[in-house]
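Read from first to last, the chains carry the letters A, B and C; within each, the first residue is number 1.
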């Protein structure tokens, strides 16, 4: 950490400034009219129409993802702090990679859609961050940000421009992609020393409440996420309504299943924090389609059920059998529901249209999202495995104290808790 | 809890999907033009105009109400978690009940106003939840959600369509209604075993800070709540300005009175968390009327004073004399200020107009809101009293551990605190 | 505290109601058309166009500033609570002072711009609050609110109407002003009894997480702050894009420098909570100018560096050499970056224009902002030093318990921690 991290962060920022100097320009009325073949100036109107939706997405990225990961008792600084670092780098790099790929050789003019897409591209890294949370260094996360967003931009270009597939809410290109990228990397970075778990890999009461701040802001603003880049008008309207209803339905099935699978019917905070959001992921691909209100509720209900069962049964299985340890269970929140979303898109289009080529393209989009994610994740994992990035030793995993100045008091807490463990053996003390 | 809760939650979600399949459709430009007797398509414009206000209301419902109730030291999971459950169910059920009542036999098309009204209908249950917080099971709250929203929709229909009364910010139909419904239910569910209080019914330092997250988001976004369904233009503008000013004035009088009534002039977090919001409640009914900026500040100032005095003197009285135990003091935040709001509306209309029938209708609206709430709350309380809903025993009230898997550490905390209580007796340890 | 505080708060609120009764009116379409010399009614449109930006600013003021200061382990109630009190009084008083100064003798009509400006005027006091945090009483803060906003309104009038200087994001009139006002007051209020620090002047693990809620909401919504009163169209668009990019760049340099200056390359929460925001301050003055995307990133990068070095080296120096103790380090977050912002504005205008008078006016604006702040802060400090405002004794600084009812548990925590300190001496216990 001593010099590697500051040097890498500063160099990356210098590189970003140079790249922005070379490629990124303000949007002006002229270049917009030119591009849209219109003489009426709608650019600024559209900017301010979408700005509230952009801010909702922004809150999801920085507060939503950041606080969702604060559930670990000793890893809150890193969760919310490295989340901010990744996202701040990622949105600059995402603006450039996506800008260049979609610019068709023309100048890149930064508008509200670029800003929304930049936030989206950081989301993939933040999802993958969840899979390796507590087991990587800030330097490794900077590298992952650069590599993953480059692969994401490539796949997104393929899906949107070549396959011309529909994925408005990005179930495939963001959620499934981010999850499988992270899982592949987590597999390569597997630590057999931690196969029996780690004392720090648990929550305390208040860390679970901090995580609920993340959950709620993600839950509330997900309709904005799924509709932000939808076509204006009816499609954008439907993207909001469908996502809103899918999420509401998902809450009830998550709670029901959480109680069903847990000891004595109790609710589990892990499920409540995560599975309640699966409905937003799963309805993503067909968010703007005419799936009817009840259709979106059906998708959300199924997503909640799958997600809870994933947390209960798949995550332990992955850790023991596949040697993939998924700290936040991103497979259950983003992976499986993302695949469900992709499949729901295929079914919806197959039911509406007799043109099988469009169905094939949707399938290709799902396949390419998972495929590029796995390959990209494996390669990234191999690079991150090089023993030069300051990764934490096994015993220091899930502990902020490796990379952060932690208030003195924390150590006291630990003393106290050991102390009270001791007391527990002597019930009369 | 073992099977009752999951089965009830799943059945309710299945029922919602069926009801949405039967009754709820997308809004299209055609049906909107037809309804509004216009040929210009303003539907989508209005949707996106109101969407930011809807999101503000959404934040109030899920983060505002949810975190406001996290002040109890051991009841944060339930406060924020059951709040989410109630609201997710309530917004589906509210869409249906309000939709059917207002549809006049036509199809129900879900638009932004339906979504805002659905959030509103959940607010009534969340207010009542505050009165019975810590003393009910999740199953009981599901039942209360279904019953209370049905009664609410009936009263709202009466007030708006029959009495044609004005209640833009819903001081009467939401706040007074929710409070008196909850108080009536709390009265029926009174536990004489807890008349001397309960060890868990208190806050810790950080739980009070979590609660302030709720307070602030409610406080900031209340202008959106009071204006979201106001008539566009001047009325909506006034609803925002009046609420903004009423709340600002309310803060100063709440702080002043809190210091005045407390031991040695100290401030009390209960007052700061709650009474500062009474201005938003009390200005609700006349939020869109021409009450002048100073008029709204006067209403807010009075509401803050009444609310603090209610917390200090009325709540203990209710518990001992009326055998109504009001955990969050919703009577002081929603009940009294709601009645003040209703009265302010009557006075305002009486001063502007010589038509006494309109004044009578406002009075009828206030009476019917309180009346239906009390009757509905009593009946609901009786149903909830049936000993089959898994209600917590007295000693487990205000404790998440009954319905939630609570992190192991919490038990340590308790050990520690008993331990340090012990220490306190021996000052030199 | 016994009677001074409630009497002062109530009297101020009564005064505000009277002043609003005399001076503040609703905006109507007629008076707006009259003022803008137009017959098309654009007033209400503009109101709702800007309302989402206003709400973003509102969140920054109440949640952003409020929670940013909760980092102290025993001062969270005061941070978030007195922040609310100051802001609620300040926005009323700011509406009046700014309204009267800009009204040119005409009636004051409260519109969205007045509401945004009112929030802005409270920001200056909240910044100064950071410098004296933990060392003042609520009564002192009420007095500071009244005095500082009056001086602020005077300087703002000078800068905008007389110098006609450009300061869209208010680097000079809010940030530099608020910081130097606070520093001057803190200098006068210096407590030599605390020159060796205070046990309470430190964070605990969860108080640092609460502070990150403040940081993130400030960070995300800063583009709205810098653009809320910008000229509609291209300028407002640029204010958003420039601020967004400046902040992203600032994050990377802050993290890099924090790691660089800290012991063994660790990150310091103080830097992450504060220096990451310096980019928003520094880009303020030229937010709406054509500084190119890379230009704003350059400004943000420099601000992050300066801010971290300020926290590391200047703040201790100020405390020991200048006898100015700056609790939150507002000099590093608002003071220095505000000056950088003012200078960046001068440079930008000098590069674009050959008209040196405009450059001189920008310099005059910077000078007057700092000058009036220092003079105003000194005088305010002298008034606050009168020993009649219930200021806390040295030993009770940074402790909520002086002015708040604090949950019983807190005392236990202290017991426990003393206890565990003791344990630390005996490692085998």
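Annotations
In this text, a contact is a pair of C-beta atoms (placed from the backbone, for glycine too) under 8 Å apart; a residue touches a chain by one contact, two chains touch by 3 or more.
Computed from a prediction, not measured in an experiment: that's the story for all the values here.
Overlaying the C-alpha trace of chain A on that of chain C calls for a turn of 120°, given as a multiple of 5. As for how the two copies chain B and chain C face one another, under half of their interface residue numbers coincide. Rounded to a whole number, the gap between the C-alpha centres of chain B and chain C is 33 angstrom. Residue numbers of chain A whose C-beta contacts span two or more other chains: 52, 206, 213, 416, 419. Contacts from chain B toward chain C in the complex involve residues 49, 52-53, 56, 73, 202-209, 212-213, 216-217, 219-221, 224, 232-234, 236-238, 240-241, 244-245, 247-249, 251-253, 255-257, 259-260, 262-269, 272, 276, 290, 292-294, 297-298, 301, 416-417, 419-421, 423-424, 429.
Every residue of chain B that touches chain A in the complex is listed here, in rising order: 1-3, 5-7, 9-10, 12-13, 16-18, 20-21, 24-29, 44, 47-48, 51-52, 55, 58-59, 62-63, 66-67, 70, 76-77, 80-81, 84-85, 88-89, 91-92, 110, 115, 138, 206, 210, 213, 403-413, 415-416, 419.
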